[in-house]
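Heads up, the next two complexes both have chain A, just with different partners, chain B and then chain C.
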Partner chain A sequence: MARLELNNIQKVYPNGFVAVHGLDIDIKDGEFISLVGPSGCAKSTTLRMIAGLEDISGGELKIGDLVANDLPSKDRGIAMVFQSYALFPHMSVEANVGFGLKIKKVPLEIRKEKIKWALDLVDLNGLGDRKPSELSGGQRQRVALARAIVLEPQVLLLDEPLSNLDAKLRIKMRVELKRIHKKLGSTIVYVTHDQSEAMTLSDRIAIMNAGELMQIGTPNEIYNSPKNKFVAGFIGSPSMNFISGNIVEDSGKISFQCKQGKINIPERLSEKAKGMLNKQVTLGVRPEDLSISIDEADNCLAATVVVRETLGSDDFLAMELEGVKDLITVRIQPDENYPLDKKIFVKMDLNKIHLFDE
Partner chain B sequence: MVKKIKLSKITWIILIIVSLSLVLLPIYVMFKYSISDRSSWITGGKYPVPWFPFNPTLDMYRYYLADTRFWANAFLSINVALLTVALSIILGAPAAYSLSRSKFNGKAIILFFILSIRLIPDISSAVPIATIFNNGLWDYLPVVLKLSLAHTLLGLPYVIYIAQGVFESIPKDLEEQAHVMGCGKFYTFLNIVIPLAIPGLAAGAIYVFLLSWNEFTLSYFITATSSVPMLPLPVYLKSMFGAFTPNPVGIATISLLVSLPVIVFTFALQKYMISGSTAGSVK
Partner chain C sequence: MLKNLKKNSFLIWSLAPACIFIIGFFVIIAFFLLKLSLTTYVGGMPQETGVISNYITLINSSAFKDAFWRTLIFVLTSTPLQLITGLITAMLINKSFHGRGVVRSVLLLPLAIPTIVTTSILVLMFSKGGHIGSLLTGQYSFFPQVMAKEISFMNNEAFAIGLAIFGKVWRDTPISMLILLAGLQQIPQDQYEAAETMGSKLVQSFTYITLPLMIPSIASVLVLRSVEAWKEFIFPYILAPSFPVLGVLIENFYVQQLNPGMSAAIGIMLIFLILICTWVLKVVLEAASKFLVKV
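Let's look at the complex of A and B:
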């Protein structure tokens, strides 16, 4: 268990391509942190730099009190679970789990004890003699996890460990991971492209895009106060609605003006909005912060319902704003009913709207 | 419908029987000669050579298996073949591994040059190779080593080519995982990569064994210019055509005896040639 510090970490490839632009992340002892972002955002590269599989081009990596930039992987006190699990197919489950201990020359009796402990932890007791090919996907995933945990690493690195599982198993393993983290209290860096995984698992989330850190914070912070349009659009499912328009001032009142109507800017955002005066901006609002009104009212935009998606617990309406092809999503209760293809109005909760630069 | 299926099935069976007989006929003829008594092959044109000998006999087998010269030659051939396999794998596997794992310019050109000895006919490379081996310090090498080094020249390109493909099919994640756990490069190669490459390497080994066992051209030139007490079997077989009228019974017997080690070696290695050795490693 250790603190992990990334100070201005950079990755530049020999051909000059800058994959990671000065990343600053401070990970507390025992923290579960996720690196999320779309594919190609260099989250895996960052993880591989922490693991020592990739050279660090600039900046400083600290594991505990040690500067680890040039330490070989084995001296960093880390363990890693690959997306592909990377189980050694010619070895039994036990041999796989015990492999790292064997390399570290741990005596056989202690090794056996630790293997048993790790297999217990991931609920795989009794399968020690099997070969990886005789296991199901979920079991293989757990073997990979046990193989990392058994080393009692200071930092556990997980590279999209759940992405090869089917949806149901993924959700089950999510809970399992959280349970194991609680039990071990280890520092975990978790790479995923799935924002819902990051939201449910992490203490803090670091959102990356194109090699840059967009925002870091608790799931609540990230969800409720996204710093920019990228973060706002990436986190949340269905994702946040974006409407473009202008900020205008009319007799002292600041409002957001778009083709479909006018939205008053609340006090909370007025400072920010003043700086954006007469500029093209984007208004963001989550589907659950929208409601439907049959009659025109203040802070409403005219729209028509195109499709209704039923989930059972919540339903979603895909709506077309007047004069715009892009659809916006509105969450409604399953018992609400609205006519399709008729002009109605979308009302927003002013306390929950966000403004972003275009 | 039922009739149709039956008909196509019969056609298949007939085709299989025809192709099997084509493959097996020469072996049968050899076998027939090897157990023939004198009157079954020296007919003097009075009657046709029979399809099965009048009085089958194992005399020729008894004769050759008791012949020390035959055994000496056979041992030479076996030693050469095994040594060739060992040399080709020991040299070829690491070469193939580095070719498959490292990225550098001109990799294709290197691979081309490695394979290039197979692009020219053996007979063209035989004379220079034999000249090298029979001159200077090389001439002091024991003939076993001379022959296996020469055969390695022929076998190595195949081993490198086959093994390169095998190594490429082994996921890199496995090596990185071992690396993160603290394995050095060499340890990983021996304990993770090689065990997974065994099926492919076994195929290469069988091929090289056959190649060395079968090899005539280089062996002939290397042994022809120096006086050696023993000859590899293909060359020995040829020498039987020497001054005397070839004795088909003797040749047939030796030819069949020569096939045996190949069959034994192939069966011994076959169990390692299971496919899917990397199953379960990566999803």
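Let's look at the complex of A and C:
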């Protein structure tokens, strides 16, 4: 296991396109970190640079105490699980798992022991003789994982390993991954576009957009204190509601003014809000931090219920704020009932609102 | 029964051409070939039918034995050579580089040249008084004299058969290349990347990933090319006329000695040789593929 440092890592393609703009991430020994972002944000490119499958155009990559920029993949002490699993279709499960050991010329006896250990760890004992084509998607994913673990890498790299599984299996494998990480204590870099996977699995999350690091922090930090509108909108399901407006000051009181009403800015955000005075800003609030009021009150916005989504444990109301076409989402308890298409009021938990530059 | 026939009439009609083809071009021809091989001829006239004397004569004849060994050498040399040249050229054009289209067209060119032109060029170069002989004996001012007396390449058995093998490999490499290229393109890039992260070097990736995944394509090349080599006629006929292989021997008996019975007997023996060779290839390839995917 090792510490992994990305210092000002850049990727520039021969045609001049800059895919990664100076990435700084310091990953602690044994940490599970996720690189999250939408398609094309260069998270996989970053992972491939760590793996040695892509050249690093600038900056410094350190694995342990070693500068790894120009090291071949095999000397970096990494192992990688690919999105497509990249299992060798002509080899049995055992041969797949033992491939790296065979290449390293590990004696057959030790190789067999290690293969057994890895297959036990991923709960695949007894399936060693099968070919990948005879396995289910989940089992193939486990073989890919065992093939990486068996090499006892310093850093384990996982490139969207669950994206080809169905929703139920994905949740099961999430737990499995967490269990394996706990057992091995390895440093893991996990690439995903699924924010819920990142939230549930990671010690820390690095959110990327267009080749830039937007924010890095624990899942709680990212969820509760997003640095910008992109992070706020990307993390959380359903995503955060955004309302456009202005910051105004009225007899010493700072508030957020929009077409539908006025929201007092809490003490917590007053410093930030002062810097945004008379500017166009976005107020962000998560669906669970909104509640419904039949009567008009302070810090409420008028809206009408358009659709109710029932999930069982929670229900969500899609509401249209007056004069705005975009819908906002409010989480309610399943036993709460509100009339459709009638004017009611949305109330905010002021301690949970966020302000972002437009 | 009639109901079933009616129900499957489309299937029957669509299979009919294939059945007619097999009966017409295989069963009937094989039957008459066998019958012909069991008929003796003297002076172009049939004598006895239903006797195996043609086969006995052949087995005892030194011409047949010589032709068999020459053919075997032709098969054992030209088949692996075509596999190797096909694999190298396929791997070359499987890589992405500037001007790949032009290189691919150039590599396919030998197929477009009629065989008679290819063989004629080789004859012009290597026959007595040909360009290579003249070059080596210093008859061209731009090249120093290497030997005093001209070698008669086409009268030397090893040279003549070697020339026929060279011509055959040069002309048919594009076929192997195309079959192997199709196989190579089936292998996803991430297999190599996964192997690379596990420390696999180029040679190891080739041995453990490319080769076993290419076994079906390699088998196609080996079977098709070896069958072709067993029954090869035109290259040895023109380039090594004094050293006949089995294919040329068939022509010798049929046209020059007016003995179609002997030709048919060689044809039948060729069929069995091809079957045995294909079976050996199958066994070897299965063993190789098992060896390459071991834990």
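Just so it is clear, the second predicted complex is superposed on the first by the 358 of 358 C-alpha atoms of A that agree within 3 Å, B and C clash if a C-alpha of one lies under 4 Å from a C-alpha of the other, contacts with A are read in each partner's own complex, and residues count from 1 in each chain.
One rule holds in what follows: a residue touches a chain if its C-beta (ideal position, glycine included) is under 8 Å from a C-beta of that chain, and two chains touch if they have at least 3 such contacts.
Bear in mind that the values here come from a model prediction, so they are computed numbers and not experimental data.
Visitor: Return fit or clash for chain B versus chain C, each positioned on chain A through the superposition.
Guide: clash
Visitor: Please work out whether A:191 is in contact with chain B alone, chain C alone, both, or neither, and reply first, second, both or neither.
Guide: neither
Visitor: Quick one: classify A:134 as touching chain B (first), chain C (second), both or neither.
Guide: The answer is first: A:134 touches chain B but not chain C.
Visitor: Just checking: does A:79 make contact with chain B only, chain C only, both, or neither of them? Give me first, second, both or neither.
Guide: Both partners, chain B and chain C.
Visitor: Let me test your reading of the model: by the given contact rule, A:111 touches which partner, first (chain B), second (chain C), both or neither?
Guide: After superposing on A, A:111 lies in contact with chain C but is clear of chain B.
Visitor: Taking the superposition as given, does A:92 touch the first partner, chain B, the second, chain C, both, or neither?
Guide: In the superposition, A:92 contacts chain C only.
Visitor: In the superposed arrangement, which partner chain does A:119 touch: chain B (first), chain C (second), both, or neither?
Guide: A:119: touches no partner chain.
Visitor: Which of the two partners, first being chain B and second being chain C, lies in contact with A:330: first, second, both, or neither?
Guide: The answer is neither, since A:330 touches no partner chain.
Visitor: Touch test for A:164: chain B only (first), chain C only (second), both, or neither?
Guide: first
Visitor: Where on chain A do the contacts with chain B and the contacts with chain C coincide?
Guide: On chain A, the overlap between the chain B and chain C contacts is residues 51-53, 73-74, 78-80, 82, 84, 86, 88-90, 99-100, 103-104, 151.
Visitor: For the complex, which residues does chain A have touching chain B?
Guide: 51-53, 73-74, 78-80, 82, 84-90, 99-100, 103-104, 131-135, 137, 140, 151, 164
Visitor: Touching residues of chain A toward chain C in the complex: what are they?
Guide: Chain A residues touching chain C: 51-53, 73-74, 78-80, 82, 84, 86, 88-92, 94-95, 98-100, 102-104, 108, 111-112, 115, 147, 151.
Visitor: Could you please specify the touching residues of chain B with respect to chain A in the complex?
Guide: For this pair, the touching residues of chain B are 171, 173-174, 176-183, 187, 192, 195-196, 276-283.
Visitor: Give the list of chain C residues in touch with chain A in this complex.
Guide: 188, 190-191, 193-200, 204, 208-209, 212-213, 215, 289, 292-295
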